[in-house]
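Okay, so chain A shows up in both of these, paired with chain B first and chain C after.
Right after this comes the complex of A and B.
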């Protein structure tokens, strides 16, 4: 066959046309793009300098110190502040993704009324009308802030009341309130001076308290030591992360914490390991053994182990009077290394009711966990930065997100160190958001703003001349030259700590051994994370690694 | 003088909190997992839970963060890469992955004895606006390439730039700390220069409690682990008679 020039041209044209319907050109294009990284839809961060600013995490009441890396006005990463006297540079895992939360798909950007969009004016009008017609109940999650003061003043002026949803650490201190007459929010656990800590399922190594406070202490005094300076005994039904790392794990049946506490008390008294004073639990060791799944001898042995190294501190996971009574028996209430009074003049807080019947309006602050949904016929105004889904509230109001508002950070729950700090607004909100305190301030112009209250608190600290300011270096407040300087330091990320004082005996009266407390469901996400969503990267914790169970109630 | 950066991870201090995984992902602009995915996310550090294989009160558990071991000898991923997209940096000892050269054949993933390499199955994507939260120091990797831990090499560059600005050739060691080391709340991850006999990490790596995963295959990993627990140390050689005894005994 003779091949002509025409044939060559036809074949060439055919091959070229045919090639276009094969994957080859597209693969070449794809590879070229891959090598050059030039697909327009792949985001590439702008090459801008990174600046580091000090702040505090306000996503839960623990207020850990943060170093926020900022680029072009946006936070691009967070790390812990090593000089923070309580959190000591540690953060919970969720905090490392907190800077992405403001862009979460479930971020609330508009006022919602029922199922439809509304406006701030309409919400304010509705709230003002409700406040005129009846009582207002304000519910919040982090007491002691400047915003808390705004809520209290508003409630007092309008014949309402302020309630607080306490975290599990604060709730575990509630029984002492009744026995000592001191508010639970004024009490703390002196972890620093304890030699043995008996934890009844409290996740001490898993986000309990200020995450850095106990984990750093444990790492220094206990981790990997056969005879540690600090003995952590975990009484828990399952081998949790804390139990796995504890010096001793005492496995008991689920829900038998109260019985175990009574059994230990009985064994302590029976073996004369503690002075016999106060009430005696009625339960016998054999009954406790049957309930907990341990033998009577194992309970006796545990009792001996507990008192082998003192001071001993017992911590419950939640409000459990039987477990708290063990501290009374061991003489750990008001003693060094025990339950101590931290704040002198803290006002009592009213725990939030699950059912609110006597109110015309309920205002829920953004600091309240999303799971708190009171049963009420009142009109509910809920502030939240993110929509957790399944909302039953009448009004859903967009609150400032991560670092979008000036917030002061008072003493963390259950901490034995009195602290005060200010988290400045480092990020501009991209939509119109208001905090609950600003919302109330718009309705009642006589209310002081949070900024003004923070300023007053700075002045009070300066005038009192006590405590230390932990900034780049620690300085005594008495050496700070002016209130402006103190304010400036606090705004730059310094932390004020009160002077440690001897615990002083707390008068503690326990008339009878408390009845068993109902066991609560254990949540694998122990951190008191108030935001209704998790950072998108949190899937690393429950999908990629399977370290935790998938969160049922939170949206990643 | 060239360095040999490495780690010693004290497993007796690891509580399995996952802070290292979160901090690493945020630092290195790892995209969030698409909702439809199951365990296909990128985890340059992956914390695994291990146990002594027993039940009841005898059960013991520990957590092992697994990352690129930065093998020094006969580095398996380097040997199999047809594109020269993986190399051991002579100045730092870090096993570097260059996404621009990677053609996505995944030979390196097959060769890696530690399963510490991950394939980018999708275009990296973030919810609208979230790209503003990306770390400007780290480039986003494209679909179709393999990636892994590079000991936060961007932080090494930043430390080099800082040293250069101060007129120095060598970096100041505290200026170069990988994100996982910085994030660990118990201080379980120690990082340093193994080539410096006086470096605390170098000393720790020589302690009797230190061990390396699959040391018998001779790849000389620069990530060491440490534990006082014999059953944990035995897990380093999963096929050995000793480990088998611990796991099933």
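Right after this comes the complex of A and C.
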């Protein structure tokens, strides 16, 4: 029998069809996927017992509690600490993959000057020269740390100043500064004790504040574990993820937050739902209705709903005096479940300017979001652990990466609980990195190091004898036998929490209703916690989280 | 037409033969353990009736896995019998102080975290539910390693089709998910991949 070309083709077709019902293609697909995980150039953790250490996330100022799984001295996994009094075990996608960040291809490992590599000596020489010639402005992102003290001391000694790039949570508290005389960084929102929360587009269920704080509260409410009467009313132009999960969504037109706040105030006073003291908004309900797209009756109804369950807390997405004034009208400033004073002696912080004209050098700490690029003619020294791309700085200086440096974690922005923790250096840096505080310390040997300042803060906490230390078990600081023990506990991952200050110790005086701010484009809040780079684990989660609606994408 | 059907069928038959018979033979390499350890003998002669006596959980709840050489040396610092396996153990590993390079049937990739403590203590699973009656066996199984992935055949399971396999056969993620589903226990991605 002669074998023809046609026979070969038919046989091949039969073989191909037959192979489909054998394990060959499916098993090879499965095995090659595993084979690709084990290519020799892919770092593999050592096969040793996994050790778990407690620490805190320092990628943003919220300082969530971390359990870091370590293998042979290297972190191989990150999970949340369920006993952390604020984050309560929740983490953002970035933190879950943070142990991979130190190996990111965009990790900064060398000093860069312009487009070329340079050295630490050259950078320090250039900065010292600039500091001699003129004013130095230090910009940082997480105020209240030991490093912040180093920056402030350096700026004071050298005739410069220290500025802070505030997040939207802190900015939303700015209006109260003027009315209470207490700076915004000392204030917080008492979410735990509020019965009704009115959010003006603040993404409370989408990463706002400490990721676990309100999300957990809302989940527990849904599960009937805490007060089922807790209400979240989301006033927002689009059905965001928070709006979708809120108790009620009040859709208003984009940019009409201030008008809506004034309208609610008007309706509250008109219906005598709140005591008539303080200023009255000039806007009429019909004008507000025209601006917000709601009917006057709908605004009146919203006002009645808001005060049905008290205490009421109103939160703005950003700095918005009209929304803040609503809290004053509702008597929520200085009250339980409202805006409370958290810190007693916090020094005021200077918000960073987008334009810096009077400086010879600008030093930007690694805690400043990558997106912050001041317009300046000064020489810019930027510290960063990862290169986010498109850098316009004169000097780019490699900072310690994830858990490569000892960092203290003060109270999170807008938190109602005063906390202090220390994130120890669990990982050895694989290249020569320096924090901005170490850099300044090398220039001025009289500056205290961050470690010494943390030590002093531990001593202060011990001497004050107030608050509770949340380690393996919660103990009162007054029961801690020595400062060494307190320091040891903090270094092991304990969190100190202050005693809640009694409400009513915050005087608030509002002389006139704030003028409605012109509708401005609010920055995409999600960019504030955007890291310059993402670890592989976070990429998919983070891209999905990027699908959340940003203001500029709404109503397009 | 009949010729085409015959040739097509021949192609299918050859593919089936290759896929179901030759491919598994070629895919897995059979390896012997460094020495013949007999669970049954140890259980009978030494009274080690409980798996936990050698495969312990550490104080922090993590699983110690295979016993370290020290544990074996507790009885076998010198030969106490006349078996070939014991001679290998004493001469090649205990006396020079080397760990026995056991080939681990259930070894998982590094990105998987499996807690024996949770499954044994909290869920109350017995060892046999995942490891069958290997603890009572009187012979050593061959270790079959996948040429491509580098993992043991126990992960996929002995049956290439993975159909009608016993609960202890297979340790892939699908198997974990199936067991959790049967026991109505929900675990998210980070339960195992934290």
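One rule holds in what follows: the second predicted complex is superposed on the first by the 475 of 556 C-alpha atoms of A that agree within 3 Å, B and C clash if a C-alpha of one lies under 4 Å from a C-alpha of the other, contacts with A are read in each partner's own complex, and residues count from 1 in each chain.
In the analysis below, a contact is a pair of C-beta atoms (placed from the backbone, for glycine too) under 8 Å apart; a residue touches a chain by one contact, two chains touch by 3 or more.
Predicted, not measured: the structure shown is a model, and the values here were computed from it.
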Partner chain in contact with A:29 - chain B first, chain C second, else both or neither: neither
Touching partner for A:96 - first (chain B), second (chain C), both, neither: both
Touching partner for A:7 - first (chain B), second (chain C), both, neither: second
Partner chain(s) touched by A:16 [first = chain B, second = chain C, both, neither]: second
Touched partner set for A:211, first chain B, second chain C, both or neither: first
Which of chain B and chain C A:178 touches, first, second, both or neither: neither
First (chain B), second (chain C), both or neither touched by A:79: both
Per-residue touch tally on chain A - higher for chain B or for chain C: B
Which superposed partner A:350 touches (first chain B, second chain C, both, neither): neither
Touching partner for A:122 - first (chain B), second (chain C), both, neither: neither
Chain A residues contacted in one complex by chain B, in the other by chain C: 30-31, 34-35, 37, 44-45, 47, 49-50, 69, 76-79, 96
Touching residues (chain side chain A, partner chain B) in the complex: 30-31, 33-37, 39, 41-50, 69, 71-72, 74-80, 89-94, 96-97, 99-100, 102-105, 205-207, 211-212, 215-216, 218-219, 223-224, 226, 239, 241-242, 244-245, 249, 251, 430, 535-541, 543-548
Contact set on chain A toward chain C in their complex: 6-7, 10-19, 21-24, 27-28, 30-32, 34-35, 37-38, 44-45, 47, 49-50, 52, 69, 76-79, 96
Contacting residues of chain B [partner chain A, same complex]: 10, 12-13, 15-19, 21-23, 25-27, 29-30, 32-33, 37-39, 41, 43, 46-49, 56-57, 59-63, 99-101, 103-104, 123-140, 142-145, 179, 182-183, 185-188, 227-228
Complex interface listing, chain C residues touching chain A: 3-4, 7-16, 18-20, 23-24, 27, 58, 60, 62, 64, 109-111, 113, 146, 148-151, 156, 160-161, 190, 194
